[in-house]
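Per-chain residue numbering starts at 1, and chain names A, B, C and D are given in the order in which the chains are listed.
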């Protein structure tokens, strides 16, 4: 029956990765994108652990007495330890950036923030933004923000 | 419309991933290096917890890289959020403050215990480091006016990271490769065993703790006037 | 004490210790520490380069290769590793206030990570170093602390983090099928990955490592970040960091996925990158974003070159990559004061004749004017594509030629403005001396490359011969020969 | 045993969907912590106690704390749905 457990978890790992990645791609809310990233990472970590799972084996810790027992692969576990800690560091940095974006542009909507960034960059460079054109190739064309943009400037 | 697109994307992605990963060897991995490590680790490293042997021994450089990533994230966070000014908010009630005061030494001991037994039982520098960071951060939640001394945090940060590198360099000076475990292995399963691994985990624990504590303090600080 | 691991470890140590110099009047030490350590790392790598006889592996931690992490030292890795401390020194952010010290710390971390990527012989270790480089670059991208910089850095972080998750999935897939992470060990098992699943794993790794290599579908962050951040940071990311990401992809391609399908995929994405990058650069109306999009196009050429099989492909790829490193870093340095609208540049040549002359030199080399190294690099790619001769390659050849024409168009647009008469006596600002000095040094390097073409050709041949020989790599790492300690 | 695994996976996937779909951000953070906890339990079942401990401490504990602190600084740490802005596409 242990074999089936691995299969069920595998479905879970794929599901978590897909939900996370799709969330990152579909959402326009800065904070929710960070949350979706955490979900996607959990899925990837689970898949990595599954890559070293043996259904007939014990945890990779030597206990005095029974040292001959088969053990699951310790290498993916070490990799996932590394990946989890990396993930939390990146998450903290992402949230710092979200806080700053919110302070500067008073929004948590990626499309609004991006539009304001483009305008600011165009202004700093001294070119009038080409309103009529779509974004350059290789970029997701972005629909016009539906929400009315409140007056610029910091919110709080 | 948008929901339909989302559903299509979700379905397409999961179908793709399931097709890609279908037919993999489940529950019976090839374990080419895993098998070798399991056989060699008790004699080569001497840690009862083989994951620790991998994290600090076989893949010690990854761990150094990981510490550096946390450090980079904290440094970049400092660059983004600037120096902390202060924290406002009412101090917590009597029960909260007393509870935190009681909890602090307990969490300190628990964190250090988890760090120091990483080579024997599940746990180690990362988990213990997080507990240590929480131990130092919780009092700040109870007493918002007080602040953690940033100088000390950055000194611990710098010295713990350097200690990890210094332990690696010591092997280099002895004519062995970088990060080769030092000292005797000792008795498998004893507290003082597996050479320099407990020292490495202590450095990891302090570094992770200091790094995360400074990140938490920075995120909980008030905005010093929107710029 | 000439172990190349020190070239990775010393900058890391410096980055850890640097924040301490912010307190208690140690500013002079802080100013010296970073450059001194980078110079030391460069010296060390140079000494290894001159004493180099045959490739060898270093078993880190003293664990026999397939089990532990190995560093693999060959001419290809050393060349890219040597470029890291030298370029970082050239683009070193000065200053001694708190923000500057943090930025220097991040630069040291970036240098350590990129050197590690050049030397590492382990798949997951490559990922860890790549992630370190990525996190350091998020910080550097936000270092100018303006609103646009924060948005651009956040988007960069999200795209890169998405790539990281996909890379992790790819590594999990490879581990499922092979049970190992060592590149040499994977090379012996490469038939196990010669199926659709293996190709999918390669595509996943490509998406992950491609974010910093400005690969086609995941490069939307490039123009925003380069426009919103300091030009020295842009030069560091476009010139240096992208090349090391490319090197990681090339190592994986050569050793783990020596299959035609993988090469075709790289060729396809590279060609699309050339097309989209150059077209977008044509539409750009300010110098910074023009250079950013053009850098995407150039990196497309680099990837196309590396997708060519055998020695010819590697030589072409290394030449284009190194040429782009020198030229793009210099152009971004010159764009520090000239980053605005192209039309604002009228009369810039009178204000800064040397700067304008250097700009013209680099632009012409980028285009591929005959005596300059740019010509040879492009010639190698094009002749390689013509020889390889299938339909895809001919298409890529046409696209690269078309890209060169477009490139000529927009670079000429800048050059004509530089030498036009100033309008209403508004003269564009002259360059700051450090930037002019650094780009002058890079110009000397470029000219030296044009003069020393013969010895360079010889060197490249030996480099490529050993780098494309998978057998040597496997024998060196797994055969127990040449392993230090 | 197999039913425990199935229920665990279903619960975790539901929590992951909740992370994306819940209007309230603080509730979404809580759902993310539930995902982490679920994954941590899966790690225990998969014989990875070290990783399970880390995921529980880091993913469910620390990460939740960081997210909640950031949410407080963003001024959205409230269970009042009206306080959420820019959520027109969830």
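Just so we're on the same page, a residue touches a chain if its C-beta (ideal position, glycine included) is under 8 Å from a C-beta of that chain, and two chains touch if they have at least 3 such contacts.
The shown structure was predicted, so the numbers you read here are calculated from the model rather than taken from an experiment.
Novice: Using the average of all C-alpha atoms in each chain as its centre, how far is it in Å between subunit A and subunit D?
Specialist: So the centroids are 13 Å from each other.
Novice: Centre to centre, by mean C-alpha position, how many angstrom separate subunit C and subunit D?
Specialist: 37
Novice: Give, as an integer number of Å, the spacing between the C-alpha centres of subunit B and subunit A.
Specialist: 20
Novice: Round to the nearest whole Å and give the separation of the Cα centres of subunit A and subunit C.
Specialist: Once rounded, the distance between the two centres reads 25 Å.
Novice: Which positions in subunit C touch two or more other chains at once?
Specialist: In subunit C, 124, 128, 131, 135, 138-139, 142, 150, 153, 169, 175-176, 179, 181 touch at least two other chains.
Novice: Any chance you could list the residues of subunit D touching two or more other chains?
Specialist: As it turns out, subunit D has residues touching two or more other chains at 49-51, 54, 58, 62, 66, 70, 73, 89.
Novice: Can you list the residues of subunit A that touch 2 or more other chains?
Specialist: 2, 6, 15, 17, 19-22, 25, 45, 47, 50-53, 59-61, 71, 73, 75, 77, 79, 81-82, 84-86, 88-90, 92-93, 95-100, 104, 156
Novice: Building nodes from the protein chains and edges from chain pairs that touch, which of line, ring, star, complete or other describes the result?
Specialist: Other.
Novice: Can you give me every chain pair that touches, using the contact definition above?
Specialist: Taking the chains two at a time, the touching pairs are A-B, A-C, A-D, B-C, B-D.
Novice: What part of subunit B is in contact with subunit D in the complex they form?
Specialist: Residues of subunit B touching subunit D: 2, 49, 51-52, 122-124, 126-127, 130-131, 133-134, 212, 215-216, 219-220, 223.
Novice: Spell out the residues on subunit A that touch subunit B in their complex, using ranges where they run on.
Specialist: Those residues of subunit A that touch subunit B are 2-3, 6-7, 10, 14-15, 17-19, 21-22, 25-26, 47, 50-56, 59-64, 67, 71, 73-75, 77-79, 81-82, 84-86, 88-90, 92-93, 95-97, 99-100, 103-104, 154-156.
Novice: Of all residues in subunit D, which touch subunit B in the complex?
Specialist: Contacts found on subunit D: 49-54, 57-58, 61-62, 65-66, 69-70, 72-73, 89.
Novice: Okay, in this complex, where on subunit A does subunit C touch?
Specialist: Going by the criterion above, the answer is residues 17, 20-21, 24-25, 30, 33, 37, 40-41, 43-45, 47-48, 50-52, 73, 75-76, 79, 82-83, 86, 89-90, 93-94, 97-98, 100-101, 104-105, 110, 113-114, 116-118, 120-122, 124-127, 130, 133, 136-140.
Novice: Help me check something: in the complex, which residues belonging to subunit B touch subunit C?
Specialist: The contact residues of subunit B facing subunit C are 17, 20-21, 23-25, 29-34, 36-37, 40, 44, 57-62, 64-66, 68-69, 71-73, 75-76, 78-80, 82-83, 151, 154-155, 157-158, 161-162, 165, 168-169, 171-173, 175-181, 227.
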